[in-house]
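Consider the two complexes below, in which chain A is the common component and chain B and chain C are the respective partners.
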Partner chain A sequence: MAEIERVGEIIEASTTGFTAQCYELYQMPPLGSLVKTGDSAAELYGIVYNATTTSLEPGRRPIARGKDEDSEEAIYRSSPQLAKLLRSEFGALVVGYKEGDRLYQHLPPQPARIHGFVYQCSPDELKDFGKSFDFLNIILNAHLPVPGEELVAASLRRMSQAHEDRRAFLVAAGKELAILLSGNLNQLNAILGRIKL
Partner chain B sequence: MSLDLTKVAAQVGSMVARLKAGGEDRQERLQNALNVLQDKSLDLERLSKKIEASKTTWLVAGLVDGLAPHYKAPPLPPEFSVLATDGSNIDVDRHKSTRCYLINIGSVVLSYGAHPEALLDSFPSLYFGDEDLVIAPDGAKGREQPIEGALLGIKRGVDECRELARLAAELPKESPALALLDGSLILWGLSGKVYPDFVTEALLNKGFLRCLEEMRKLNADRHLALASYISFPRSTDVVNALRVALCPHEIIDTDRLCKECESRDCDKVDGVRDRDVFSSILAPGERSALFTSQSSIVEKHYGGHWVYFFYIRVDDEIARVEIPQWAARDENLLNLTHALVLDQCRRGQGYPVALSEAHEQAVVTGVDRESFWQMVESLMVDEKMPSPTSAKSFSKRTRWV
Partner chain C sequence: MTERLGIVVSGSLNKGVEVRLDSSASIEDMAVGRFVTIEGEKRRFFGMITDVSLGVTDPNLTLTPPDVSDPFIAEVLAGTSTFGTLHVSPSLVIGGDAAAILEGPQPVKTIPSHFSAVKLSTQEDVELVFGTEDEKRFFIGNPLDMEVKLCLNLEELVKRSNGIFGKSGTGKTFLTRILLIGMLQKSQAVNLVFDMHNEYGWAGTREGGPPVKALKQLFASRVAVFTLDEENSRHRGVSTDGVVRIGYDEIEPEDITLLRQTLNLTDLAVEAVHQLYRKFGRNWIQDTLGLKGAEELPEGLNIHEGTLLNLQRGLATIRRLPFIEPHSPVNAVKAILEHLDRGINVVLEFGRYRDITAYILVANMLSRRIYDQYQSRVEKADAAAKESLKPRPLVITIEEAHKFLNPEVAGQTIFGKIAREMRKYNVTLLVIDQRPSGIDSEVMSQMGTKITCLLDNDRDIDSVLAGVPGRNELKSVLAKLAAKQQALIFGHAVPMPVAFQPREYGSAESYRGFAPQKDAEEEIEKLWD
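Here is the complex of A and B:
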């Protein structure tokens, strides 16, 4: 049985991505993590591309409170309501889905559902997902607030941690990227530089 | 066409000019008030008796520990909680087909110390049954008072207090706590002869005061203080006590004697507010002496919950804190109130953080109101019920030329 960690709940969803709110402040999955949502009939996979922590209500901006405090923790201790008035969210780019036992690395027929639970993928799932590199094309073609090469590199670094032979995995990914980015050497070099062990 | 501000601008100019011109005069009257307050030769016992015997149309503060003393804030306990409630409502709309109102109570419990914790919640309640829409006298028909407008506001205040008492009862007994309400402990809306006695009985005696009594009883095995907080108060109770001191006559009866009075010595402090006086004598964090409210509704109904009050200086503002008699006469509770109110204001940029968060939980915005009525109408349409609205309401929503 794979280890399952629930990291948030979907509050915005579209065909290409979803935004999830974390249950605990600052407990968002790291950049490039593979997360999943959905039920046994269809599971959607997403790569975390962005995370934010903001006020729960758009009209109330946080103010600086620490002038007379010794540490950051002291600020949260002296204003315990803060943890309830702030929220952490993360955005995930949909990079594939699973129907039954088949895994596809292209956009799913239906977007995720609001209030769907989002789970961190287990090392086994990471390995399984990393058998194909078709998802890299989705990332490179997406319009995101973070540069595509950063996200590709972050996701490959995280995925490689599930493999016993990290180097072999990254070399295979690099070969795939060399084909995808044959017309854009600068971007290719930027990614390769970021996944070097 | 909305408000034509260019036409208002000149009038605002005149208003500001008038205020500026009166500045020196106001300063002089404030100084007069301070002179009386700090007059060491003043016989306080005699003044206290004179206040008790006087019949005035204005409220005069009763004296407890004099006029001029002021006290530094006591130290904070290592562990403590502050709880607060606030409310908001959607009033009955006579232009709608459905007669109902909604009260939303926001509540906050903040615990400080080794294990800081915050609970923020809101409890909306919709009232629509015949028995909820009016206050009726026992057994008698035909004199029901509809709960809407000002009366709904008073009922909301009672509901806020009820929720506060419920929260207080759930607190752990070990650490001291302060329960905070916004505004006054005196239900001013019920004073005078606006509503029949059974309304006062239902909302005050069987409502508000019963909740205060529940909180008083909780003190059997813990320290629970109760206070209401009034920011930027306009009250003149203490200045009116100075008026009594200035009056050369032994007996004061505003309805009979003041009309014939020629000296009018009391006018020397006219227009001065309590907050102006205490702004001059209180250092940051200090509280004033204790005073009692002499309002008729308190005298008649409050009994052991008789309303005492003091002023407190928070940064640049003077606030009025009202507490029931049992909290005023217990030195521990009085000190706890002083220390925790001040601490709350310091944590909350000048206003108690628990109260401002309770307000945030309770607030019902204009958009919320619209959405609420839309929901009512759409559910009625789903059930194929007619939901006629008034032509006036329709004309306000749909504007044309």
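Here is the complex of A and C:
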């Protein structure tokens, strides 16, 4: 079995989502990735909806340093402490959980725990999760800093990569969306335009 | 394989049910007339697709159509935002318990519940409803778009008068030939065919192809061909079994009434016929034609000069028919009856005499006299209470039926009488017509089973469907039949209306199917005897 990739540690959690800090600067999972946290008794699944890189100390904003440097890398090379002063974080929307062998695509009874490790899901897990499209409804109804159609499209694009027949997967997802968004043609069109191959 | 088409989403018993098509089923593969099965919660329903339509969940979709040139978007939207709807009229239902299965399909009194699955019918479904080939049931074709044999109970069919309709070139003649073969094989009835265009006896024409075999070539020992035009029959290489001639003295006023339109007679002239017949008796035609003017009329006859002239012109047309003689040396009725009594089907060819005057005159005269014989024999059998004395059921086939059965004459002709009496004297009709609206509506309503190919005139469609339950739905099916070799059958002999493609007729293989090889060879042997 491939080594499971650990992508961060939870520093803030609620019923509907969690925020995790990355161990390395800029090493956050891509937008729309499916991540998980928790132990084998109960695993929570989240979709990465946002990522930020900010100063470690609140109130101390970074300053521009590259005036005399040739490249961006050179800045980091000449100020190695920078990696310690900045941090990358990402937010994930909770879209389901697994208890024992059963996977549910609705909110879990308990939120994630602080310092819980966050892992990138494997292709097999992506496939398993993609057997149901109930999670799309959670995304469309969430109040997020990114537009819902962007996140839906990003998550479906990523999930489709785990499927041998990407197109069939996307068509099935599209049909689910067409039903969910039967009263909102514009949003439907926006998503379909973003997921077509 | 049971292919699911969709689910029932709404409906009523009167109007039928709406079926939302699954996205996997293309609306373009659906055709009205198709036989379908609906799996209800407790019962199985059988019906026909009578309409197809398109729906959208969001009306905006029709205002700003999505980019369906993109196959991905088109595929996603099909069956979700855009979907097909079928209208299905259920006719029959069968329960799931053992008793219901024994009882067989029954007419519907309710409809399937919400979201019942609608499927293409299977072979078992068709056989459950229409039965399988047996000693009474004859394979007449396939339900539309299905590879299953559709069978018709011919014993049941011949109990009533029936009609075959359809505009010209749609396959009436081919279908009639198929039915005649069916009756010959699967019923007790014997047929008398008035064959205006020489298509049923020996060989028939086929559009864009060589002639097809007709009845006698396939069933030599069961079919006799009579002719009105011996020379022409010989010329076409037909071996005939009898020649029909008509004597003036056999023509009665009723025959003239029927010819009023074709002979262009005035009402007064038709009335005069009755006076003349009463006066002159059997010789009335010759005597009337011999008159030089109204002044030569015998005492007591009050006929105007103009009326007499009009009548004489009409009678002269009859006299010019080559098969008419002052007195016929042959008794055609007797010869035909002898064949019918032995169970031999009789086809009377008209040879070159295809004009409608000849056809009406001959068909009417012969039928009337044959019918009289049947009537007296049945009455005798009834009086003696002996079923065995009754003559075999007779089916008389006539084309251009509206000429015999239009409202003006239906009340007076023998054909109107046969149609109305159902099977009182063991005689029924098989009428073939391309203009059914010309047929008297009462006669139409008496027909047991109707088979209709494509009709495009609204009045014709209405007259064929008058009084039929669910006629609005059937109308859309009928109007959409293919231009050839597709038909809709409904009425007495079928448990529910069904659209079908008649069996292919005309290939060597088809002949083998109709007349199995062994028989056909025997028949050919007999021809050489």
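The working rule: the second predicted complex is superposed on the first by the 194 of 197 C-alpha atoms of A that agree within 3 Å, B and C clash if a C-alpha of one lies under 4 Å from a C-alpha of the other, contacts with A are read in each partner's own complex, and residues count from 1 in each chain.
Just so we're on the same page, a residue touches a chain if its C-beta (ideal position, glycine included) is under 8 Å from a C-beta of that chain, and two chains touch if they have at least 3 such contacts.
The model shown is predicted, which means the values in this text are computed figures rather than measured ones.
With chain A as the common reference for superposition, the partners chain B and chain C occupy compatible, non-clashing space.
Chain centres taken from Cα atoms put the angle at chain A, between chain B and chain C, at 170 degrees to the nearest 10.
In the superposition on chain A, contact is made by A:171 with chain C only, not with chain B.
With both structures placed on the common chain, the touch criterion links A:106 to neither chain B nor chain C. Looking at the shared chain after the overlay, A:81 reaches chain B, while chain C stays out of its contact range.
Within the superposed three-chain model, A:6 lies out of touch with both chain B and chain C [touch as defined at top]. With chain A used as the common frame, chain B approaches chain C to a shortest CA-CA distance of 51 Å. Taken together, the chain C residues at the contact with chain A in this complex read 23, 57-58, 60-61, 64, 66, 70, 72-73, 75-77, 79-81. Those residues of chain A lying in contact with chain B across their complex are 57, 60, 63, 76-85. Across the complex, chain A is touched by residues 108, 110-112, 116-118, 120, 347, 349, 353, 357, 360 of chain B.
Residues of chain A touching chain C in their complex: 167, 170-171, 174-175, 177-179, 182-183, 185, 188-189, 192, 196-197.
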